[in-house]
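I've put the structures underneath this note.
Two complexes are shown next, each including chain A; its partner changes from chain B in the first to chain C in the second.
== the complex of A and B ==
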């Protein structure tokens, strides 16, 4: 049984269920915290560190999407320090792979690009890594372009939690980490993929896309995901 | 009092940013009235002059010649604007970085041509190992992103700099997005 907790977010007194996250409590009270790996309908993993907040009494920054509320907690969602960290987090996502917005299928429909604009990121202070990365076009309908992947793992989670195929997973560590299908086999030869396309729909960048999609072409948005999750819950 | 000196230069880019500059239509007359355009692809000057107030640098730094030019521009310019995504991030020209210049030259000049296949070595500058943004080599004062930046933002940027506004506040005022 969850209980009620009272806490402060940006000086505002709010109440939340004891099993809710700071992000959830903030959203219910119309306090906006930027997110990237979070997606309503999927579990939270705290991969992108964009939703970091300050919690009084701890020097560490906490990911709002994976930290549950506590009684008397005092949370700050915006400060110079937080903005600087968020900007640096986005910058690191950019320099780690080859994000060439101008020639990307997700140009103007990309959450990474939009976040960069929102935090005023207009150049990179960190050196660009320019890794040589593969593009897996072996699937009949879809493409996985590792150059644009930010390892948010939305595709992994939607495939596991909603479609329940678990075709995707993460292999390797650090900058060598990659999204892999079926233990590293080409996507096209996957025996678990149902070709449902949910991973393509939830991808925030141009890493997963439908074949034939051209640069800057908008894709269908994904309000259907919470709906699918509710249907699934009813079936159980 | 003489007018401020404005220059533009085209390095490793497609000239799209210069096209967008021209796309400001009649506002270009205002710019022409406010500043002397002393160097650039639109001007018949051979040497980059001394004492330039504002220079728009289009393109990344991809060759030894780009590097020589951008260093000269930096020495002779008060406010240097990284003009468009190639100058700011490397953009499309930097797509070659993961494979290196040798692989690019071999593909283009040895594998693809149907006759007289050879890598040009005379009268052309050497490609650098990596195609990098301008600020990887010289300090940049204003970043004007976009592929290309819109004519309105170019005008806004140039106008504010000619008005003597500080580069940092101009950078913030014209901030937009990549791509």
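== the complex of A and C ==
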């Protein structure tokens, strides 16, 4: 049972259901908070940290996607500090792995690229890591390019929560973390993959793409996801 | 299996308590025990008992043997060297010679033992020893004659705060879990995933007095209304796990765990869960995921485990040392406990003294003792000719405190204010040969390897900070790199998801605060003042990310 909560986001009075997140409440009121690992229809993990906001009374920054609203909350979604930190987080993703847009299949349809454009990221201050990572093209229809992966785990969640195949998971730690199919087998030899392609549709970058597509060609189809989730829920 | 004492009611005239904790065992104390038994028998000392006990504290000088009747502890009693046992045997015969006198040696006399009360006096593998020293009395009292609320009130009154590092009031946490409905049950979890470099006090407690931890857990279970408990112990502590498993079996057989605890209607079942080597699993939400059989990664809080923990049930998570404090609080009362320590930090704290001090080992001191007293009086100071430089507390999320702060009292608030933290109790002393930039690099390297990789600031930020620190220690960094380091440190602290990332920049901040001149020397003059960095070396191959 949810009740109504009233709070302030960027000085604007808003009402939200008690089980809603700050992100939800903000979006309903056309306050835009940048997100990357969040996707409507999937559970939230608070991993990319782009949606962090300031909440009055707490010294810590809170991820808007995982923090539920509270009565009388005062939320600030944009400040000098937040803008600088978000820019840094995006820069970190760019320096961590190889994201050369000009040769990326997701060019112009990439959420990471869009974020970089929005924050005006035109150069890197941090030293590049850019390790040479493998590309798994063993699947008959799709390709997984680890060099473009930002470990948002959308693919892991859509596969587990919507398709319920749980082909994808994360292995390894720190910068050595990788998305793996089954127990680290090549995608093509996966016995759980249904080749539904949902992971390809939810990938924010060019890490997962359909074979035969060239630079800038693929357009992800994502709005279907919430409908699919609703259908699934009704089925249960 | 405890005592080689002669049969009959006559207690032994003297006993040799041989330490059987990990570090003494590594030095051969199991063999020492057997050799000693043979020698005692050969000398016809049939009124002398050779006993196997837990940690005697002074790990630097193991294997240790104590003769409590003489009040002496004998150091370096080596298995292959009968001459190292001469003084000990003489002492067992009644002559007072050799060894370290416990009553007048500051290492022992300055300590106040609450948690370590039974360490070094009881056989950790024998429940009878524990029972003989008043063990499980607190549990029987609680389950038999106290209401859960009375138990919690006693803990609240004691002022006990979480000994895992953050210092959250234990009584308040218990009360929160107790108030949760928990229709599907509640859980008590003991966090024994001690992973800070240089910290080994929880291991020592588990290896020396495992029943005390279990008793604390059962009391907590009664207070919050939980009937199941888990001890999450890291696989790197096989002896601790073995002794805990044995203790659980013994306590179940004697009716102190399992169904009908101490003959009452309260039931409490405890299981062991082994950690698989991930430091981050000491973070409570990652620990929960790990117990559930999932990948050990933290999740954002709230909801806190007190509201939604193991399998979504209200879960009380406390550290080993916190639980080990509980039986004494129940037996002697919360007021007694609150009379030890300072205004806001009550009781004692166990520290593992390591690094450049003479007396490396496990010590327990009242809160509020100064760093100087711990390092110089109890620790015995540094090796001759070496100068004290810093003491590192709080592990990878703590900081390095310089000489100027040696007279600071050790309590939660003072340490946090000084840019470090209490942490779980690791205390690493550093002398003038230690480079503080290198220390910061060491801890950053640790965090970068132990980061779970879930959130961006920690995963990438710790790696980038490590690379910048690495450049500094090789003498190829610029002022720009220092600026970047500071800006990154602030961002990673503020943005990271869990305590690992939020705490990772602390060693950088504290070394920059107290030892900035060393950073400047590395950068501007390409010199390492401590002489420990190899300036001008090429970038190591490991600097990049290792390929999958």
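Here are some notes:
Just so it is clear, the second predicted complex is superposed on the first by the 234 of 236 C-alpha atoms of A that agree within 3 Å, B and C clash if a C-alpha of one lies under 4 Å from a C-alpha of the other, contacts with A are read in each partner's own complex, and residues count from 1 in each chain.
Operating definition for what follows: a contact is a pair of C-beta atoms (placed from the backbone, for glycine too) under 8 Å apart; a residue touches a chain by one contact, two chains touch by 3 or more.
As the structure is a computational prediction, the values presented were derived from the model and not from experiment.
Taken together through their common chain A, the two structures put chain B and chain C side by side without a clash. In the superposed pair of complexes, A:93 makes contact with chain C only, with no contact to chain B.
By the document's definition of touching, of the two partners only chain C reaches A:52; chain B does not.
The superposition of the two structures on chain A yields an angle of 100 degrees at the Cα centre of chain A, opening toward chain B and chain C, reported in steps of 10.
When the two complexes are overlaid on their common chain A, residue A:132 makes contact with chain B and with chain C alike.
Once the two complexes are overlaid on the shared chain, A:174 sits against chain C while remaining clear of chain B. Residue by residue along chain A, chain B and chain C are tallied for touches, and C comes out ahead. In the superposition on chain A, A:8 makes contact with neither chain B nor chain C. Of the two partner chains placed by the overlay, only chain B lies in contact with A:116; chain C stays clear of it. Of the two partner chains, neither chain B nor chain C is touched by A:29. By the touch criterion stated above, A:76 is placed in contact with neither chain B nor chain C. Taking every C-alpha of chain B against every C-alpha of chain C after the fit on chain A, the minimum distance is 9 Å.
Residues 127, 131-133 of chain A touch chain B in one complex and chain C in the other.
The touching residues of chain A, counted against chain C in their complex, run 45-49, 52, 60-63, 66-68, 81, 84-85, 88-89, 92-93, 95-96, 125-127, 129, 131-134, 146, 150-151, 169-170, 172-178.
Remark: chain A residues 98-104, 107-108, 113-114, 116-117, 120, 122-124, 127-128, 130-133 touch chain B in the complex. Taken together, the chain C residues at the contact with chain A in this complex read 278, 295, 297, 299-300, 302, 448-457, 459-464, 467-468, 484, 487-488, 491, 494-497, 502, 544-548. Contacts from chain B toward chain A in the complex involve residues 82, 85, 88-92, 94-95, 97-99, 130, 132-133, 135-136, 140, 143, 145, 147, 171-172, 175-179.
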